[in-house]
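Residue numbering begins at 1 within each chain, and the chains themselves are lettered A, B, C, D, E, F and G in the order written.
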């Protein structure tokens, strides 16, 4: 299995080659991959259904607890089948939809990689493997959403989707690591079987919040839902895939996966129910704003995702059953409807439903498919969607917390959904013909197979769930979600109950709404100014705010004034040293003074030289003082037993003065550029540093705890190193490596100097890479 | 005896150095200051080095002391010449008590030509310049 | 030059032979060497003039030291006593020296003598410009300088 | 601007440079026992050439150096330095272990530290010379 | 001696830093020069200073006669001096070139690469 | 002897101070350079005395180097002036 | 005699010297450049394998026993860093052949590159604190020269800041070494570690620790000491930028790791928090700095700062796992950041600019370049399964285990901001169509720094880019063996007695074991790690 998933990535990488070799047939060829996987998963189904979860262990990074193990149980089987099954349909469909597109290979690459990632996500047993695949879906979906990358909207949408999901991903990572740390295991299988109750753990709340943030962003829950409709910038096959069975369901999958271990607490139930219900209503409400068929569908997806979350929050037996059923039903009809939307777009050249009409005559097959799928969406018997909706309403009615809200929201959502379903299924195909940018024809077969199969699935499973094994599959999935066996069976008829009544009423109201849709839209248009302040505006504001803040911060810190840089560094140093030597500890001073007159003089000229160099208004006067200081230092070295040092200092000082003189020739005189206030500030920093250095030197000198290693050097210089000048022996023998480095330093400096002086622009013509200034400063918009 | 000579040489030598310093400080213009520094200091070093040669009385040390004397005798006048010349040509102010300047009229500051001045003896009288300090 | 080298070699040979490696012994060896060279001078062409140059050199050294000390004292006196007695000025001294080596030697000697400082040589090398501290008796100064130049040039000619 | 170098300085430089160079070699060779060594010697030698540069200018100094560019000196110096590292390896000792050989006829003690010091000498000489010459060269080129 | 040296080295650090905080590039380089001298003296001083006993062994002997000054800081300082020389030479030429290009002895006119 | 040495050191110390005063007072670059030159010569003297005082002749090596190389800085300054550098007073 | 410890330093020194000797011959220099870098790569591999076998390898240079001579030490950390140096050196060597102009070659580009590598290698291997200073200077001066090579205005302006601020750091370093010697009388780091533990004046120990922290902090470009980096790294020729970006700041980070695990471990109680928040602020300010930029290399430069924060975070958390994570971050960043700079060079070659606004269309035109960038950029942002993810994950895990929730949380958020910048580049340079006003000729005439036609050499630019991108990917795929190495580094660094024993011999380490309070802590953490399978 792992091999198969990894093969998916290899296949993705090979897709450019396949496209080159097989041209347009590559789509079909690649579709074999999910098809075979689906077949394999089906073959595994009996095993899972009868013998329980299967763990396929594979190690990867054991020292970090990262394994590539896969866990096959009802839930992952259900998701796996959806991913592969719908994936097959989408690939076939895409072959027709994008026929002749120049970027077909890239599309295949991203789509197959996405498919493999998604499959890895739902099959992963390791917490981190799950996360890795999770992030891979974000990245690959980024590529898919931005497929029309030359269009700025596509780029923006792709980026938005990426940021929202990756931001959530980071929270998820934090949550998963906390989960791993708290449970002591990185394997879902182990965690789910462990006796320990994580709900009591101290880290439960932060962990849960992190995990929920991850799930909610991915699954477009309110208030993170805005990225999903924008992701409609992707080509339709992608939308069909991402929104029906995959991407957005990843968060739902995660919640379902964790429900047995983390669910059921007050926190869980409240958050999931409220967020789910809100999302559901928001999605449904926003859907009817739009005339763009893809947006309509996208918001209805948001609604469905909210519903699923709400069901997980409710957590009852009904809710679990409803969850798996609704999940399956939604995947099937939403996949089909998106593909229909794609066909319409493809054939008519517009996505606006109000611009279409009466297409049933020219594209009857599409119309039929659309009708079946929309009926499922609307929850009309005998379709699977009906069962899902019944169970959903039932679950809402049985909720333990915030029941009234849930019921009201669910009912309203149902009404709106029916309106949406009607709009999609009826508006383009019935009524009068409209002129469209392209003359519509029935779609080619390759584009009809996918939606057709899915619509058929909706119908068949609705009619006979048990017969097709869906019953068993869903039971098994629900069991995995609930964490305990749920002996339920699906049926079209549960008797006349509250749910059925609500269903019927909603059907009527929904159809009524559909009839009045155009005027309702007009009314809603008045809300537009208010709608501007939604979460999306918050996201945009946040991003712009970050950019503005960072520009401000960069101007503040990286301001180009070097003295500020130096000042900051010194203040840090002073603060740290001062804190250590004055506040936390105290300096050690031994003020015994043993000096000779001429020594004081020499030290004095040295000090005066330095001082005069700073205050001199003549730069050459400063250079001469520096020279005096250097000679004084040389003399100090000599007076204190370092002849080699004295000579070197003297020679170096002479050469330095010569270099300074040669260079100063080209430079202007000193000028006073700073204000007195600046001078006082700099002076105090400098003085503080000076005092600290004084204290440190005194302390280090006073400490007399250890014998120096140089005793050995003195003793062995003549006998072992055959040299009587111990300093020279150190330089060329004991510590020759230092000297080796040192001569290279000098050589490097010389090379640098020679190059700097002699290599001029004339000799490096044609290179402009660094000459540019950052003149472009407009805010970034891509 | 030898100690006395050494001591005297040291003291005199050191004193000449001080003299040079005093002269450097007191004398009124660059060129007169250079008179003080070059010779007095050289003499001071010579005396001190002779003392050290006597003190150590070894070939190596004597040779080194003599080397120092020779080097000082070579380098001091060259340095003096170079600085004095540069200082003069870039217009160091001469002391107001300066009585004569036979160079100035023979020097062309544009071409840097320096004539021998054999033919212009009569111009040798120094023309006071308004840049000179009082 | 050959003579000086020979003299040094003979001195060193003396030191080696006598086995006393002190400075004083080297001096002794040099003196004996000089006497030896004095004796064989007529036979060896390369030695022509060397023995005669030595006393001249010693004489010059004495002259120079005398000048040095004398003039130094005069400068010292003027520095240490407040009113200035000096009458500084720049004079042109016609040169007898011709080669670069000679000019340099003369100029440096003049620079080393207190009270005089060589400023520059004219482009035609005929005149040395000298800054002098005491121009109260210019003729005397010129005479002294010429004598020094003469004595110095003698050493090389 | 006054023309650079006078007869006096030129003659003195011509005379002093060999003296200083000789002295630098002296400092180099005895550095292991008395004050001196590669750095000091190299700096003295560089000083000698600097004096010559000041007196005669860059092109004349280049003539004195014949085909030798300061960069050659740097390269040679560094190479010498690296050469002295290696002999120990052939003796199975860690790098930089000093090897001593007595050259029989003149009883001269050659050693890797000496080679190393010579490398230092050349590198220092070449580096300082390179810098000073480059500075003077561009000064000459520019108005 | 060391306390006096410590005091003066403190002063050296202070002057160096003051110079480095100026806007003039020439002052900056002089500041760097002072700073490296201060550090060298620091090493020399902290290890302790000894009069008249250079770490030299008289000819023909295997050990120095009496105690000698610590040679290790001397070697270290020597290395540091030469390194500082190289670095400063580079810095000096750098400011020359910078001035040549920017035509101002003012660091405030050299902030294009930051902003 | 020790006293003599101390006295000479004091004298030369004073000389250093006076020399430094000239560096500060200037007024022009050549004046300062002359002072620098005198400073280095005085250092040679001090080192010579110090060699006698400590009895370590090796210090004379330092004096040799100063005597031979100390004037280079002055030459450098002179070149600076000759090439038209400002006298800075 | 273990030559492999010294050869990574000596070989580039030698090739640098030889290259200088042949400064007149361009072909010779190019040959030596590649040969030398191949040799360096081979010995770095040799050293790595040897350290894998033996744990620690030392060589006492000049046969002088430690602590009297200079010891070169390779532990796992050093070996990994050296291996990376070898890899990056080779990549740069090849890349430079295609990008270096005649003028640059004539004036010492290749010797400078060799010697820079030598300085880096020396810093990684030396066991002596002053010798470390020397190698820092070798590296620094080489970088000065490389930074200014070409002499353009931006280079000079950037270099003034780079030079000054780095010299300030050097002087702080040197002063600290001086005070250190005055305090403990030794320079050998293992010996210092022993003596520091006995030092009676703990105030001085702490002062030394903060001085080293600031000095290395400046070199590493940590907050608020990083100013020199964004001011200069985008100015030199791109190969130089890449080399700097990959290796230079990491030497500062390496030194922090080395010094604070070996010598100043007893001060960590006090300094840990300072370091932790320094690391966090480094990450945040760096990543925000990048968000404000619209020039390819400036974005990358600010990101270096940000990434340094991650590495220091590993040190500040101060557990074996955190150290492992920090080193993982170093390794990952060296490869990825170098590669991003190299890619910026190719894009510049293709479109003649570094301004994002003026670029575009490369996704379609240069798909392989796009793939390489995509991998590197998303690796930098910590997207799995690339190298950056593992670095981030280990740090996050270590952070949570050390209960540093806020800092770890911020580290995660910074990852998102990194993604922001990388996506910005991706969208602008690769996805966006090339702006009309900046249409380059149909077949761009690729030019080197000297303006000559260099079309055939484009593969030399692609080769290292592709290899490095592959490495980022492979590090992710083969994370386990790498993690084993990183864990070994974590263990080695947190038990300094091993290092001390390797340098000074077993008797010294017995002493050290008694004095190692942190060993106990390390064991505690180990136990906790073992509990989790």
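Everything below uses one rule, namely that a contact is a pair of C-beta atoms (placed from the backbone, for glycine too) under 8 Å apart; a residue touches a chain by one contact, two chains touch by 3 or more.
A quick map from chain label to UniProt name: A = Monovalent cation/H+ antiporter subunit A; B = Monovalent cation/H(+) antiporter subunit G; C, F = Cation:proton antiporter; D = Na+/H+ antiporter subunit B; E = Na+/H+ antiporter subunit C; G = Na+/H+ antiporter subunit D.
Everything numeric in this text was worked out from a predicted model, so none of it was measured.
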item	value
Chains contacting each of chain C and chain F, listed by label	B, D
Most widely separated chain from chain A, with each centre as the mean of CA atoms	C
Chain centroid nearest the full-protein CA centroid	G
Chain pair with the greatest number of C-beta contact pairs	A-G
Euclidean distance of C-alpha centroids - chain B vs chain G, Å	58
Computed distance of Cα centres, chain C from chain A, in Å	89
Geometric centre distance via CA averages, chain E-chain D, whole Å	24
In chain G, residues with contacts to at least two other chains	13, 16, 20, 61-62, 130, 134, 137, 141, 144-145, 148, 151, 153-154, 160-161, 164, 168, 175, 178-179, 181-183, 187, 227, 230-231, 234-235
Chain F, residues touching no fewer than two other chains	9, 12, 14, 16-17, 33, 35, 50, 58-59, 61-62, 64-65, 68-70, 72, 75-77, 79, 81-84
Contacts with 2+ other chains: residues of chain B	22, 34, 42, 58, 74-76, 78, 80-82, 84-86, 89-90
All chain pairs that touch each other	A-D, A-E, A-F, A-G, B-C, B-D, B-F, C-D, D-E, D-F, D-G, E-F, E-G
Chain E contact footprint on chain G (complex, rising order)	130, 133-134, 137, 140-141, 144-145, 148, 151, 153-154, 156-161, 163-164, 167-168, 170-171, 174-175, 177-179, 181-183, 187, 227, 230-232, 234-235
List of chain B residues in touch with chain D within their complex	74-75, 78, 81-82, 85-86, 89-90, 112
Residue ranges of chain D touching chain B (in the complex, touch as defined)	1-3, 6, 8-9, 12, 15-16
Interface residues, chain F side, partner chain E - complex	50, 53-56, 58-59
Residue numbers on chain A that touch chain E, as the complex places them	555, 558-563, 566-567, 570, 590-595, 599-600, 603, 606-607, 610-611, 613-614, 619, 622-623, 626, 629-630, 633, 636-637, 639-645, 648-649, 652, 655-656, 659-660, 663-664, 666-668, 670-671, 673-674, 682-683, 685-687, 689-694, 697-698, 700-701, 708-710, 713-715, 717-719, 724-727, 730-731, 734-735, 738-739, 742, 745-746, 748-750, 752-753, 756-757, 773-774
